[in-house]
Amino acid sequence: MSELNVLEAIRQGIDEMMAADERVFVFGEDVGKRGGVFRVTEGLLDKYGPLRIIDAPLAESVIVGACIGAAMNDTLPIAEIQFADFIAPAFNQIVQEAARIRYRSNGDWNVPMVIRAPYGGGIHGALYHSQSIEATFAHIPGLKVVAPSTPYDAKGLIKSAVEDADPVLFLEHKKTYRLIKGSVPASDYRVPIGLADVKRSGSDLSVFTYGLMLHYCLEAAQTLERAGTSVEVVDLRSLRPLDTATILDSVRKTGKALIVHEDNLTGGFGGEVAALIAEHVFEYLDGPITRLGAPDVPAMPYAKPLEDAFMLNPLKIATAMRTLAAY
Amino acid sequence: MTLSAEQELLAPITLRSELPAETLREMYHYMALARALDERMWLLNRAGKAPFVISCQGHEAAQVGAAFALQRGKDFTLPYYRGLASVLVMGMTPTEVMLALFARAADPSSGGRQMPAHYGSRRLKIVTQSSPVGTQIAHAAGISLAEKIKGGDAVAWTSFGEGTTSQGDFHEALNLAAVHRLPAIFQCENNEYAISVPIRQQMAVNSVADRALAYGMPGVSVDGTDLLAVYEVTRRAVERARRGDGPTLIEARVVRLTAHSSDDNDRTYRPQRELRSLRQHDPLARFVAYLHDHDLLSEAEAQELRAQIAAEVDAATEAAEQAALPDPETLADHVYGS
Amino acid sequence: MSELNVLEAIRQGIDEMMAADERVFVFGEDVGKRGGVFRVTEGLLDKYGPLRIIDAPLAESVIVGACIGAAMNDTLPIAEIQFADFIAPAFNQIVQEAARIRYRSNGDWNVPMVIRAPYGGGIHGALYHSQSIEATFAHIPGLKVVAPSTPYDAKGLIKSAVEDADPVLFLEHKKTYRLIKGSVPASDYRVPIGLADVKRSGSDLSVFTYGLMLHYCLEAAQTLERAGTSVEVVDLRSLRPLDTATILDSVRKTGKALIVHEDNLTGGFGGEVAALIAEHVFEYLDGPITRLGAPDVPAMPYAKPLEDAFMLNPLKIATAMRTLAAY
Amino acid sequence: MTLSAEQELLAPITLRSELPAETLREMYHYMALARALDERMWLLNRAGKAPFVISCQGHEAAQVGAAFALQRGKDFTLPYYRGLASVLVMGMTPTEVMLALFARAADPSSGGRQMPAHYGSRRLKIVTQSSPVGTQIAHAAGISLAEKIKGGDAVAWTSFGEGTTSQGDFHEALNLAAVHRLPAIFQCENNEYAISVPIRQQMAVNSVADRALAYGMPGVSVDGTDLLAVYEVTRRAVERARRGDGPTLIEARVVRLTAHSSDDNDRTYRPQRELRSLRQHDPLARFVAYLHDHDLLSEAEAQELRAQIAAEVDAATEAAEQAALPDPETLADHVYGS
């Protein structure tokens, strides 16, 4: 057991996978000497050399595209996208290629690769260093999308992602990198892709969330507890595949659902969760399925008052919890 | 940096190749087979039996020449939708090709899921292709990157049209391959059209090979209707790649003998005069002439070969047509491995 | 009044806008002599010349990117993406640029452009000539997304789109091009962006749909009428902005909602519609909000049995209507 | 096709420019102003008053030289985040720059919505920029396409780093501009780093100007720390563009005098020796030397100018710091026009 932050946990996970399997390599901008702009790969160049920690040209489409090719030639690539916002030029390679290769070849070819992307805001990153991208990619069959929130989950999931036989988009919330700490076992464990985790059990109301918002929801839930409201907080962790069973079970128990994400509300991933609940456990519902997300503006502004207005926080979340609980 | 010196050394088709006669006849066999299959597909399309056909006609020499310089089962090929002749050389059978045309369950490329001409076979190291043009160029760079990481000496060969060189992926992939001196060969089959768009509206350079200058890799322009020239140029590129000296861009100048696809009608945008003169550049005819001129194939042998190919195409068509369509129950198979 | 199909209606709309305003131009692959692979721009090169009907290089990112620039230099570009599937390389330019320019410049700059994209399947187009792309783009604030289903709407909306001060993604269902005919007035009318249209009024059940599925839903609704079930069919037409009022009003009236789209179910646009209903008219609901969409496979296969299994049809839709009506 | 002949004609900075003394002093003023503003921003950053700074230090001559060849209010500029000196020449004021640094509501570029150094002003025809690198190159092509359609003679000038030439958008945009002979100027400010990635891992060519060969447009490589050389090269490119002869790619070889940004520490990846020698290439120092050598600026005048600039920077800083932050109520403004 050691106490790590999210960033260290991811680094450790990558390091251990690279030590265990020489097919694993990292390809991305500034991942070498610089150790990545967030320092996730710091120290790995010295350990594994320039054939396995490779500074890529400034070209996201070929970062992903080359990793797809490499994955088809018996290696296990980890592509790093410097900021999730900059995954956009690689959209074609991810969606039309990585995600469809197994299907289109009728199972003949597959693409075991990981795409790591630091996402999310509240870090004064403005429009292009703060974006949430999960809704776009969680819609894509053939792709897996995970978004861990704790060091334990982050390490366990990055290892599962590297081992997965299919492309996994691994979303790392930048604000959790150094903020969120937790104990991580020394043993070689995995967190399986596709399972949600009830991070807090409760009976009055279910909250579904992931990423930084998980921590805000837990904080808000604690506030409500003091007022006697018992909130269940489900960390989705894996958005595709989605753990529908855990979601529906929780609503069957509490009868109320609040979905919280940092991304813009309209067309966000919360719509999917809401729709599943509205269709499959309709009879259990004791209140309107409520979504909380960012306002529908193109992205998070830089100026602090605007960023604060854009971001959810424990207070705003607690208010929504209270309203729903009181319904 | 265009290897124009090297280019001058290339045998025009009237020069004598040093390849054994048997190899030359085999090359001819593949060209003729590709042509026969391709023509049959159009017939099937016109007969309402195949909704979509896209041709390799006019590109056969470029493909057979290149593929003969590769090692089957070892090197990776990433051909594009005109790559019929190249995949035949790499080991795909006429029946397999026809299975794809008819979208049969046994189609090895996609089990009937993709349009015809989207070739793929893991066994043959023919990498599954998609329709968005140019994406495979990045995959070829990646395959050769992995090869370098692993310390192997296989090469990745990929093909695409001249229109496709306008895509960002072409640029990003060639640049990456040049920076890391990857064992990749980029074959542009320049037929001067992207559907209806002529090359003058596609690029302002005289040769696609010039684009190599932007990456610091050799760019070679070769007459792609001259099988032996393409073979020679590719052979050198393969040697270079295996030696660890890096990638090569090859422009094979070809003709598109057909409309873009069975959905197209090129008479609306191609000048009459051009349409009439196309057959003068037919790579198959040129190679037959070479074989005749060098007494490598008699008229009788040629006829026998053509008859044999016709029979092969008949058999392939029949076998494929009779094969089963995919079971709707399999629709959701192979989305994920687990 | 004349009887046109969807394709002719779009062509006529473009033609009239080009005749009326010389700032309008068309930029796309094969739009010139070829008149577009579907012939939407047929005849326009002769009429407007090569400076206004421009064959683009085979490069979608710069097709959109150049149109963005042109829109900022006082022209009104219509970009044609040959098949919606091939919009993927332009994702960065559409999402990060076109959609965010007004917002990021605090209203100083704007991008009045149209991106036309033929989408949808059932035409034997296989994985890469059949895709539905609306969910991806309807999630993007700053972008408008419309998907007309009839000649009347198509012509009225393309004209509104060309005049709009912001980027509009104009989705044209390929199968409706020649299949769907209807009368189109000779007058210079518009269909405003942002309004849904109740294409069939009913009282037992509301169906929300768009594109080719509208026609299938109308067919299915007719079947149900024979059995005495009155189905309201709402054509969303504009997905962003979405006409929430019309959606909610319809559910208030019928108490039941079925959402139908051709796109994959999970993460599809239906989730958004379901979530809005589940949150805002929860008390009116008499049954589970039901979604019908394609199975979650990477795209529509080529072989007819697989394509048929993938596609919805009036029969499958009628079955879902019956189930919900009987709830 | 690289204009190496032309390049040899370029005045080394010791040659005498034919520009009026006043213009030369004005050029110096903009360089010095950009430098002073930039240095002040770092101080404000270190003092905790500005969370993010990204510099133009080392790029000033390339930008001022180029911008002086353009016509303010007529030509479009699409500078990238290092473009401080270029936007000052095009008319942005120090106060406006500082308003962006402090993310104030009155920031004309974005109203405090974007990070600093994302310049834009419709009035000044400085086109709003984003962070994803390279997208503006396509916009520049499109602006010049529109100009051609309209029959106007404004040019579109855009700048970007050498790392950004690896992006597909660079390729697609230059190709389009070449095919249609558009009035665009593509200035690559090559400082040999993309954050930590040195040019050798970014491209395998010796000069970014070589990339022009792939498009059939002139490519010029120029010492970007030599203001007059850049001015001259750009002036010719502008003439060419206005004449309707098409685009030019200009590589301005510069130095990055600072870390990539205030979030970076370049000592982890830049050799000590290189860091120590950077100031030898300081474009500001070179130009001051030129002015002194040619008796265009006395030491006293220079001091006066610097004092004036310092006062200007003080005033701008103060005005901006005191300006109001954006009102949270405006968060949802300007998503759509209607």
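Note that the chains take the letters A, B, C and D in the order they are written out, and that residue 1 is the start of every chain.
The rule is short, and it goes like this: contacts are C-beta pairs under 8 Å (C-beta built on N, C-alpha and C of every residue); 3 or more make two chains touch, one makes a residue touch a chain.
As the structure is a prediction and not an experimental result, all values here were calculated from the model.
**Student:** Count the C-beta contact pairs for C-D and for A-D, then tell me which is higher.
**Tutor:** Spelling it out, more C-beta pairs touch across C-D than across the other pair.
**Student:** Please identify which chain has its centre, taken as the mean of its CA atoms, farthest from the centre of subunit A.
**Tutor:** Of all the other chains, the one whose centre lies farthest from subunit A is B.
**Student:** How many Å are there between the centre of subunit B and the centre of subunit D, using C-alpha atoms for each centre?
**Tutor:** Averaging C-alpha atoms per chain gives centres 45 Å apart.
**Student:** Express in whole angstrom the distance between the two chain centres, defined as the mean CA positions of subunit A and subunit B.
**Tutor:** That pair's centroid distance is 41 Å.
**Student:** Measuring centre to centre with CA averages, how many angstrom lie between subunit A and subunit D?
**Tutor:** About 37 Å, centre to centre.
**Student:** For subunit B, write out the residues touching at least two other chains, lowest number first.
**Tutor:** 110-111, 113-114, 130, 132, 166-169, 172, 175, 179, 201-203, 335
**Student:** Can you list every residue of subunit C that touches 2 or more other chains, as numbers and ranges?
**Tutor:** Expected reply: 56-57, 59, 61, 85, 88-89, 92, 96, 100, 103-104, 127-128, 141-142, 296-298.
**Student:** Enumerate the contact residues on subunit B facing subunit C in the complex.
**Tutor:** 51-52, 103-105, 110-115, 130-133, 163-164, 166-169, 194-197, 201-203, 263-264, 268-269, 325-328, 330-332, 335
**Student:** Under the stated contact criterion, what part of subunit D meets subunit C in this complex?
**Tutor:** 76, 107-111, 113-114, 118, 120-122, 127-128, 130, 132, 135, 137-150, 156, 168-169, 172-173, 175-176, 179, 333-338
**Student:** Give every residue of subunit C touching subunit D within the complex, in rising order.
**Tutor:** Spelled out, the residues of subunit C in touch with subunit D are 25, 27, 51-52, 54, 56-57, 59, 61-62, 64-75, 77, 89, 92-93, 96-97, 100-110, 141-142, 144, 164-166, 241.
**Student:** Which residues of subunit A touch subunit D in the complex?
**Tutor:** Contacts found on subunit A: 29-30, 32-35, 37, 55-59, 61, 85-86, 88-89, 124-129, 295-298, 301-306, 308-310.
**Student:** Any idea which subunit D residues touch subunit B in the complex?
**Tutor:** Interface residues on the subunit D side: 166-172, 175, 178-179, 181, 200-206, 210-211, 213-217.
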